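Residue numbering begins at 1 within each chain, and the chains themselves are lettered A, B and C in the order written.
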Amino acid sequence: MDFLLTEEQQLIGQAAREFAREALDPVAPALDHDGTWPAEAVAALAGQDFLGLFLPAAHGGAEAGFVSLVEVLEALSRSSAAVAAILAHHALAAYAVDRWGTEAQKRTWLPRLAKGEVLAAAALHEHGASPLMAVHHPEGWVLEGVKGFVRNAGQAGLIVASAATGEGRRSLFLVEAGASGLETGAPAETMGLRGCPVAELRFNSVVLPDAALLGPADGGAALEAEILALAALANGAMTVGIGSAAVEHAAAYAKTRVQFGRPIAALEAIQTLLAEAATDCHLGRLALRHAARLLDEGQPFQVEAAMVQQFLGRMGARILQDTVQVEGGFGYSEFMPLPRLFRDMAGTTLRDAPADLPEAVIAASLLA
Amino acid sequence: MPNILVCFKWVLDEQDIKVRPADLSLDSSRAKGKISDFDRNAIEAAVGLVEAQGGRVDALTFGGPSVKNALKDVLSRGADRVLWIADPLAETADAFVTAHVLAAAIRQHGPYDLVLCGEGSSDAFNQQLPVRLAALLDQPCLSFAQTLELQGDRARATRKLGDSVEEAEAGLPAVASVLGEMNKPRIPTLKQVLGAAKKPQIEVPLAALGLEAGLLRPRSTRLGVRGFVMNRRNIIFKEPDAAANVARLAASLASEGLC
Amino acid sequence: MAGIFVYSEDAALAGQLLTPALELKRALGQPVAVLAPDPASAAALAALGPDRVLVLEGASGSPEALAPALAALLAQEEAQVVLVGATLRGKHLAAHVAAVLGAGLASDARALAPAEGGLGVQRILYGGLAVSDEVLAFPAVATIQAGTSPAPAPSAAEVAIEPVQVQADARIRVHRVEKAAAGGVDIAASRRLVAVGRGFRTREDLDLASSLAGALHADLACTRGIAEDEHWLPIERYIGISGRTVKPDLYVAAGLSGQVQHMVGCRESRVIVAVNSDERAPIFEAADYGIVGDLYQVLPLLTAALAK
């Protein structure tokens, strides 16, 4: 019995691993190759109740909590981080609706999000050139500008978008994908997480009713920070999943690859590489579960989430470099899963914007 | 509306068991427990029958103290309640003992229209418990079933028997053992996992079954277990030139008197 | 009373069971009796040295249907050892007999020998990972796979054939029995085998293996997927944990990865040869000789080299 996981959480992790093996392993390499939207896999996620994982039962969710979320994301990422990313980014937006939505907004959206009838996306980042601005008019709000790096763009029916609503003030809005004036850019060709679309969202005088405001007017900065903290946990879970898969794969390879009469697993340098990578995954996982448990208990979790992000961000790229070393020439060639894992991990450990620097969050908590 | 009982075993996952090279002993320290593979097929079959026709699925297991880890697992897979017998005796029990224990529990908590088991457990794969149970309960056994249907008070199965396939039928109550290929056990959804906590877990103390001592003494005893290791020459030819490899292999076969 | 009893609905397999039965006779000093399903097999088995031959009359049911009757007979005879051929029907029968006799049952038993306190056997555990040594108290029941022992040499001794009346269990009604199309060959008896796996892309490509088998005077066998999923070869040619177990002099594994579930069926072969394009396939650890290469290239070259 794992002291950090309840029996239910263990069973959930077990079911997610089985699901990943059965439903994702067979399609992961092709998905990475083609980058086409994995409709069947997403439908299967819905069938397992993953899309409403932490949403309230009253709205059709499974109410399984955030420790379960990180368990599931890790398990899925061992097979396909792209599919895990689809779930993760849907979850970020669903979290916002559940956390700050009015009863009417929750009734409208949560059941459909939980069932997977509507997929969600969080549009929080920007390139900087035309930041999204929202101006209030008698009819409602008018949004103008561009959001960048929106995961699930083009597939999501509901977008949670952050906009500047005044000097140094921000607000969140619920935007339907079909809103007039809303344009989804062409999906970007990304290095990794291929299959999880990412694109710009261009708001050309998009008019939204007052009821589209999510949470308090001008109170969006704090809400955004909280969503990004959850994103840190989600990305962390994916990083640990990818990293664990890479370590297992490299270890199995090291036992069979014989050079100069011995399996390379017998070489100390190889053992050190594998030991460090495995340790980082293990520690990252524990920190992740702890931060998720704080969230489950309604405790502040953003500093711990920042610590997870900082630790795993550095660890992520290093693990993959190290394990590719172990596999040597074979690791570099495309028919092995390692290159896909390497590219996916670059996606989960990306630092999105200067304002997100987890170091700043941690330091602020120490120096306040 | 059939009343179905599924017997299942909590076993060590054989994938996690390692053989110690020094003395070929088995290291199970990292082995997690799981519901035996074909028992999952039996559970799936039972749940499928009840989903189609109504009724109820009870799960029953006999094991050591670790059997408590099995309870929410089996409930999350669709059983309505689980009856469990935990006793240290289970560690050395053979199929003779286990069949008596399960039969006694079935008599106490039944009656059941149908008792389902996997064709064999993934650890020892003795392939005998379902038939023993049927003999003790004095019921017919439809063994090695690839398909299974309930029609009123009769059970009908397609039995796959190696060199033949047989359509057989028996009146209820009956026992059946299922093959792994019968179905694909569903993966529990989150709601099913969380719903397991609400379903009854009924502890059945071994003593409460009233079995006399002779029936609890195993008829077969395990003296020792060792890992199987292949000791082969491992002479592998992997030159880029296939013809060269073939020549060397042919020469090796000749040296072995094989060509 | 007492005695070592042997039964299989497959007469050839029943003959093979006589070998360990006769060995146990020497050790335990008890007579060996064969239960024969019909007069023809009774006559054949009588020639292999048992002390008694009992031919079952009155019911032509499947072995499972005869289980209650045979169990009653064996109880009456106070059988000390019962050896049953390990077909699936045989396993069903043996389990019923064991329940009625209150006996232990060793499934797929090997290396039968007298032991302190009963009958010693060896069994495979964990899908082939391990081997266990066990002792069954008397009376003991064991099922034994085809090919575990050869049949004994014929004996000139005269044996009376005793008819025994048995009744079939009517509780199971059999509507239809479809015998699998005979593959022709009993691969458990083959001295050389070429086994094929998923490395072959189409059924026609198996011709490469057939040609090699021809050059080697070998028969074809396969992994589970080839028989059960692809149906490229009949089920009796599938070697593995729930298929056949074989012990040929030569086992050539072509285009198969060598997972435990397959290897457990062939790992006692005298010489194992592997051909696989993946250097890291487990088969190479289980092989005496191997070639890392494309079977589409290697097999024709090997066939030609051997034909010379």
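Just so it is clear, contacts are C-beta pairs under 8 Å (C-beta built on N, C-alpha and C of every residue); 3 or more make two chains touch, one makes a residue touch a chain.
Since the model is a prediction, treat every value here as computed from it, not as a measurement.
Relative to the centroid of every protein C-alpha atom shown, the closest chain centre, again from C-alpha atoms, is found for B.
The greatest centre-to-centre gap from chain C, using C-alpha centroids, is found for A.
Per-chain CA centroids place chain A at a distance of 39 Å from chain B. Centre-to-centre separation between chain A and chain C, using Cα means, comes to 54 Å. Distance between chain B and chain C, defined via averaged C-alpha coordinates, is recorded as 22 Å. Shown for chain B are the residues in touch with two or more other chains, of which there are none.
Residue numbers of chain C whose C-beta contacts span two or more other chains: 279. By the touch rule above, chain C contacts chain B in their complex via residues 62, 64, 67, 71, 87-89, 91-92, 94-96, 98-100, 102-107, 117, 120, 123-137, 140, 169, 171-180, 192, 216, 228, 235-236, 241, 249-250, 263, 267, 271-274, 279, 284-294, 297-298, 301-302, 305-306.
Within the complex formed with chain C, the chain B residues making contact are 14, 17, 19, 26, 94-96, 99, 120, 122-132, 134-136, 140-144, 160-171, 181, 218-228, 230, 232-238, 242-243, 245-247, 249-250, 252-253, 256, 258-259.
On the chain A side of its complex with chain B, the touching residues are 1, 7-8, 11-12, 14-15, 18-19, 22, 47-50, 53, 62-64, 68. Against chain A, the residues of chain B that register as touching in their complex are 69, 72-73, 76, 187-191, 193-194, 196-197.
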